[in-house]
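Working notes for the structure below.
Labels run A, B, C, D, E and F following the written order; every chain starts at residue 1.
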Amino acid sequence: MIFSIVVQAPPIQCQGAETALRFARALLDAGHSIHRVFFYRDGVHNGSALTCLPQDEVSIPEQWQALAREHKLDLVVCIAAAVRRGLINEHEAGRYKKAHWNLAEQFELSGLGQLVEACIQSDRVVTFGGRS
Amino acid sequence: MIFSIVVQAPPIQCQGAETALRFARALLDAGHSIHRVFFYRDGVHNGSALTCLPQDEVSIPEQWQALAREHKLDLVVCIAAAVRRGLINEHEAGRYKKAHWNLAEQFELSGLGQLVEACIQSDRVVTFGGRS
Amino acid sequence: MSAEGILIMTRAAPYGSSAARDALDAALTCSVFEQPVTLLFLDDGVFQLLKGQSPTEISQKNLNAVQQSLPLYDIERLCVSRSSLDSRGLGTDDLILPVEVVGDAELPQLLSQHRHVLSI
Amino acid sequence: MSAEGILIMTRAAPYGSSAARDALDAALTCSVFEQPVTLLFLDDGVFQLLKGQSPTEISQKNLNAVQQSLPLYDIERLCVSRSSLDSRGLGTDDLILPVEVVGDAELPQLLSQHRHVLSI
Amino acid sequence: MILHTLNQAPANTACFQSALSAMDEQDSLLLIEDGVYWALPAYSDQLASIPGRVFALEADIRSRGVGNSTLECIDDSGFVQLCVSHHKVVSWF
Amino acid sequence: MILHTLNQAPANTACFQSALSAMDEQDSLLLIEDGVYWALPAYSDQLASIPGRVFALEADIRSRGVGNSTLECIDDSGFVQLCVSHHKVVSWF
């Protein structure tokens, strides 16, 4: 079956991002395919390259990256939600004249259309939310 | 009177950061002093230098910066909460071997001790929260 | 049963969080991509449709303005929970747009009519 | 009335959000800075003290371990709302630490005894 | 003499109830952000059961189209004055 | 045939009530994250009023020390199977 996952929970303050990761792994283990993981609202922070954790903790962004590398996942971060929240790639940094950027590799900024397209292409769409 | 403000709300998804800003301005207008603004939990995102908004919107981080410049405010971002969430300054970038950083000027990373010290020094401590 | 289109369910009050605006953005995008879309307002989400909003003082964009453009975007159905309205003492006259009022007993059917349900 | 020290009020369940851990960190810091501190557990916050937590599968640190160290840090008072416990069917035997159970009628006084109240 | 602020809409009844239980008659409650929906007529009984005085932040009332409330509305400088006239501020969110 | 997931602890009664009102007897409810506290004995009446079947995510139950629940616990692969065996997934948070 074809799944898409929508992550609206930020990686640190809410558990939703971690639950989504475990769910994604279980999907792949069961032989299903993941059409896309779409990060919306505060969920965009899952795509941060600057997350710094103590050595005994694994960061959620790095786990998404590892999973994406292994399974060629399409990790799409809503561009409108992201730039408002200070999550940008090199291209947006140029556009907004910022000296730095912080979108992690494997993640891509794109529009809400990618969420709609994911709905069209997928048999199931599963949302993992925060609270606000 | 001496006030301190605690901001736990992120700048985009919740209104708390904007309410805190208006409250801070009203405090200064009334002649009170602000000992410190302490950003904790998802509130650390108020200190992002990479927030990009359309030209007709003013970013919350920039408003904090402008207020801090004008009134010499002490804007302290909880360092433990910040680095976990991917908000770092040049020094932390070096320590964690990151090529980029994103803490805005006027904001300073420091420990939770600064929250406790703010409580000790202030007549009133007012917290602005998010939800989760 | 042919389940078609996307239902966007929104349960939060406007302005206190960005959920209302984010749900609207998603609905408008569905429409741009010519996907049939229904908006369902539940719980505090019914406050999103209150008339007379004016959030300039809190530096936010007026949702009422966007909402009034919904018919132009072919957003086909705006559904509002009757029990959510009732418990808040609100009637359809208090709302900015004509809506379809949905009783609790009709909710399960409304959900099953759509291919996907997105909570925002 | 000499209001002294800091009351940290925490109302969220553990693990679903980081509030429990963030409140503990703040309380421990108060103690390091030799400020008298009281922790007040209200609403779903009382779940933070449930015995037998084991969050390794969800990649989080066990709060019970930190909680058991609280007496070593001279955290003087751990207060738990009686009505929050009651409505959840919990008793003090279910909790990891001995606590002071506070009735609703005593809440206003508890708040006024402290110089500052931080909600986390 | 505590000023309580509350920013949660009515679906979060637990937040409102807990704030209420923590108040005594010398305290005041200030409704802010989504908390101003409690000013609607449907909640007049709940508001009446609050032991102290109740205020609402004007900017939030106006923003949300919560009309003709009988509550005392204050602006940001009124918020500051309430902070000064009470001994401390407790935030409910 | 909808799978509903719910991640909110009992103070958020509105979330639970709305999920309930949206379910019919063919649907299932999966308690995840803080939602697993609804598996405590204190809430057995509320759970009994749910029209369909009710499950809880094992990892979340164990994490929180919510012991001896009579609910059917499933692991992540069980969660996946429920998604497949129902027509869609509706998240309540």
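Observations
One rule holds in what follows: a residue touches a chain if its C-beta (ideal position, glycine included) is under 8 Å from a C-beta of that chain, and two chains touch if they have at least 3 such contacts.
These numbers come from a predicted model, not from an experiment.
Counting only chains that touch, the fewest steps needed to get from chain D to chain F is 1.
Shared contact partners of chain C and chain E, listed by label, are B, F.
Any chain that touches chain B and also touches chain F is listed here: A, C, D, E.
Each chain's centre was taken as the mean of its CA atoms, and the one lying most distant from chain E is A. Of the pairs listed in C-F, C-E or D-E, the one whose interface repeats that of D-F, with over half of its contact pairs matching by residue number, is C-E.
Counting the residue numbers used at the interface between chain A and chain B, over half appear in both copies, so the two copies meet with largely the same residues. We define each chain's centre as the mean of its Cα atoms; on that basis chain A and chain C are separated by 25 Å. Note: centroid distance chain C to chain D, computed from Cα atoms, is 38 Å. Chain contacts: chain A has residues 8, 12-15, 19, 22, 41, 81, 125, 127, 129-132 touching two or more partner chains.
Looking at chain C, residues 11-12, 15-18, 43-44, 58, 60, 115-116, 119 sit in touch with two or more other chains. Residue positions of chain F with contacts to 2 or more other chains are 7-8, 11, 14-15, 33-34, 59, 88-89, 91, 93. Arrangement of the chains shown, judged by which pairs touch: an irregular graph that fits none of the line, ring, star or complete shapes.
Every pair of chains in contact is given here: A-B, A-C, A-D, A-F, B-C, B-D, B-E, C-E, C-F, D-E, D-F, E-F. Every residue of chain E that touches chain F in the complex is listed here, in rising order: 11-15.
Those residues of chain E lying in contact with chain D across their complex are 1-2, 14-15, 18, 21-24, 27, 87-93. Of all residues in chain B, only 12-15, 18-19, 22, 57-58, 131 touch chain C in the complex they form. Chain F makes touch with chain D in their complex at residues 7-11, 33-34, 37, 40-43, 59-60, 62-67. Put simply, chain B touches chain D in their complex at residues 6, 8, 40-41, 80-81, 111-113, 115-117, 119-120, 122, 125, 127, 129, 132.
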